[in-house]
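Paired with chain B in one complex and with chain C in the other, chain A is shared by the two complexes that follow.
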Partner chain A sequence: MKKTVLLTVAAVALLAGYGAAFADTSPDQDLKTWHTYFDKKFPGVDLQEYSNGVYAIDKVSRDSWEAIEEFPPYEPMIEDGEAMWNKPFANGKTYASCFHGTPAVADKFPYWDLSRKMVISLPLAINECRKANGEKPLKYAKGPITRLLAYMAYESRGQVTDVKIPNKAAMAAYKDGRRYYFTRRGQLNFSCATCHVQNAGMHVRTDILSPALGHTTGWPVYRSKWGDLGTLHRRFKGCHKQMRAKPPKPQIAEMRNLEYFLTYMSNGIEYNGPSARK
Partner chain B sequence: MKRKLTVILLAAVCTIGISACQANNSKPDSAAAATAAASTGSKADYESALAAANKAMKEAKSVDGLWRDTGKILKGAEKAAKAGDYAKATKMAKTAEFQGHMGASQAKSQKNVGTPSWMN
Partner chain C sequence: MRTFAGLTASALSALVLVGSITLLPAVAGAADVERTKQGKELAFNRKKGNCLACHMIADGVSPGDLGPPLVAMKGRFPDRAKLRAQLENPMVNNPDTAMPPFGKFKILSDDEINKIIDYLYTL
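Up next, the complex of A and B:
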């Protein structure tokens, strides 16, 4: 029965197509649209509050989250990350040699690399640093990279999201990320926006869907569901699975472009990672 | 709650869909027909369904439209065929073919999406 319903939903949706109108808007226009949209949806919620995800809009879950944050589950992981930052590679250099000596670089990522013509995310830069120093790259979704990211995020707290789009090629990457964000995919025919824009604040069973604004500021995240830290691209993968779409690999160009767009949509909001979520 | 969610989802999808129905020329009719068709359970039927499923999946992959479970369903079909249950294997392969066609149609319909008008 369940299978039949799902197939019917998918069939109706696909045969019908997707009739919404789309204008070719600029990033600035998009940002204004997002702010206005969420202002109307959640009146009285300050822009900076969106860095706290669903806890910006739901008092009950906020209370339990604040209790969790009194003894943050990610705290020991920040210390692990600090040890990784300070431990020299086999060649004697450290991560500091790749990041101008400071772990507080969250507001520099993601950025458009003018010479390589691609979006560079922080996890990608970490692995490129490792490779340049003769070390093996780390896995992108979970594990040691999340420790290092946690330390770097912690040191970057208070920095403000400020993604720039310097040229036409970068604009193409931004638009690719935007297209990805609004693309319906998977057996449930959902897009990222279906949950986190259109239905933000609504319940999915016992969970409340978090608003898209501020979605990129708190990573890596300690999710109670994972019992561990995970990266933004790990969550991207999870969202795809929930939509019943084939999940993409972390850090492929499409996912970095998606991060580029989504982070731009959080421009002006402070970084507050690492953070804890349900 | 579960039933309510399903009804809401179905209603929403229908509402979105009806207005755009005429604009979309992609019709996965062969896939739907294939799913509806009863399998006779022969090896030849299975092989034909498997080839069609692989072709549909390849098409879905080429447009980044693969669904989560299509590959698993096809593997299940291969497993059933190995066990000699061609009726089950054919049915599963046809489901995979259906999903492949649907995934490809879905991805093609989403080519030029951007910030939707309902956000304004």
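Up next, the complex of A and C:
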């Protein structure tokens, strides 16, 4: 009984968007609250289904989406990415030398680097690999990096999200990301949670707001609106524009911490990138 | 301060109304129609009020549903100041609201808000 009450209080805090209200809750508790909250909002939707974004909760758009996924627009891009993976750098080495020989590493990212004391995302690791091998870094939002990411995601399909928070400093990064998610910003005064927690499932004109749960599993995403693949941080930028907030540069510390929090909140859900969205 | 601005605006429109009733009733009608037409445009325009993104409004196409339908406004908001306050800063009524503070964050000007309210009262 007491437990239910506590959970309800936490869910209310979540709903309310008071990041501060659960400043003292553990990531483990947050995850439970998240599950309870979305379970109640979308009864009968299996946890794994949330990897399909809005199509997990909207039958109508799901049908046309399933048709698209049968002949996915990103398929040739996976092949381009595979070619990138196999093509040696000028020094003769390949990406494999940076990733223990395998492109299937989705479930290893993002992670807290103990010695560097920062969140390392996969795109960041890709560019660090390039730099270490004397190559120029790739742009983070779109372009060639999305091809390589598409191939690596494809090879990682079926892996399960398993973000770990190993120590106090990592916890601070998690909490920073969590605070970011629940803070109102921009001229329109929205937080990420306003749309993807509080109002998930509601319509903004013809868009249906997808639940935050599962938001990190399907990247990179081919969006019809972009006519191309984009990274998670490209989407972060886009959502900032919807809030009329300054769009943050991809891969800055704040965005990596945001990714760290958001990916933790998808722990237990399978990776299924790349994927297609409206 | 906010109330003051609101009062001034409605006082002004009252003056305009009085003036037009006594002098040019036919033209005043046309001006009101023009104001509510502009109010409607502001309410529907994505770069302005974009109220339609969250509210069902009369003949607006593909409305959102984050907020309640904007219907029967005269009956529900007999006090213009209350309606004005909801557009000025809805967080006063509900700290967790999803609705943007159109006045407080200067998303819309005083005049634009008043035009939208004039339009809302036709609903």
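Assorted remarks:
Just so we're on the same page, the second predicted complex is superposed on the first by the 255 of 278 C-alpha atoms of A that agree within 3 Å, B and C clash if a C-alpha of one lies under 4 Å from a C-alpha of the other, contacts with A are read in each partner's own complex, and residues count from 1 in each chain.
Here is the rule we use: a residue touches a chain if its C-beta (ideal position, glycine included) is under 8 Å from a C-beta of that chain, and two chains touch if they have at least 3 such contacts.
All values reported here derive from a predicted model rather than from experimental measurement.
One of chain B and chain C touches more residues of chain A, and that partner is B. Once the two complexes are laid over each other on the shared chain, residue contacts for A:Lys241 go to chain B alone; chain C is not touched.
In the superposition on chain A, A:Gln187 contacts both chain B and chain C. When the two structures are aligned on the shared chain, A:Arg205 is found in touch with chain B and with chain C. Applying the stated touch rule to the two superposed structures, the overlap between the chain B and chain C interfaces on chain A comprises residues 15-17, 187-189, 198, 204-205. In the complex of the two chains, the chain A residues touching chain C come out as 15-17, 187-190, 194-195, 198-199, 202-206. Partner chain A is touched in their complex by these residues of chain C: 52-54, 62-66, 91, 95-96, 98, 100-101, 105-107.
Across the interface of their complex, chain B is touched by residues 5, 7-25, 29-30, 33-34, 37, 175, 178-179, 182-189, 191, 193, 197-198, 204-205, 240-241, 243-247, 254 of chain A. Taken in their complex, chain B has these residues touching chain A: 1, 5-6, 9-10, 13-14, 16-21, 23-24, 26-28, 32, 35, 64-71, 98-99, 102, 105-107, 109-110, 112-120.
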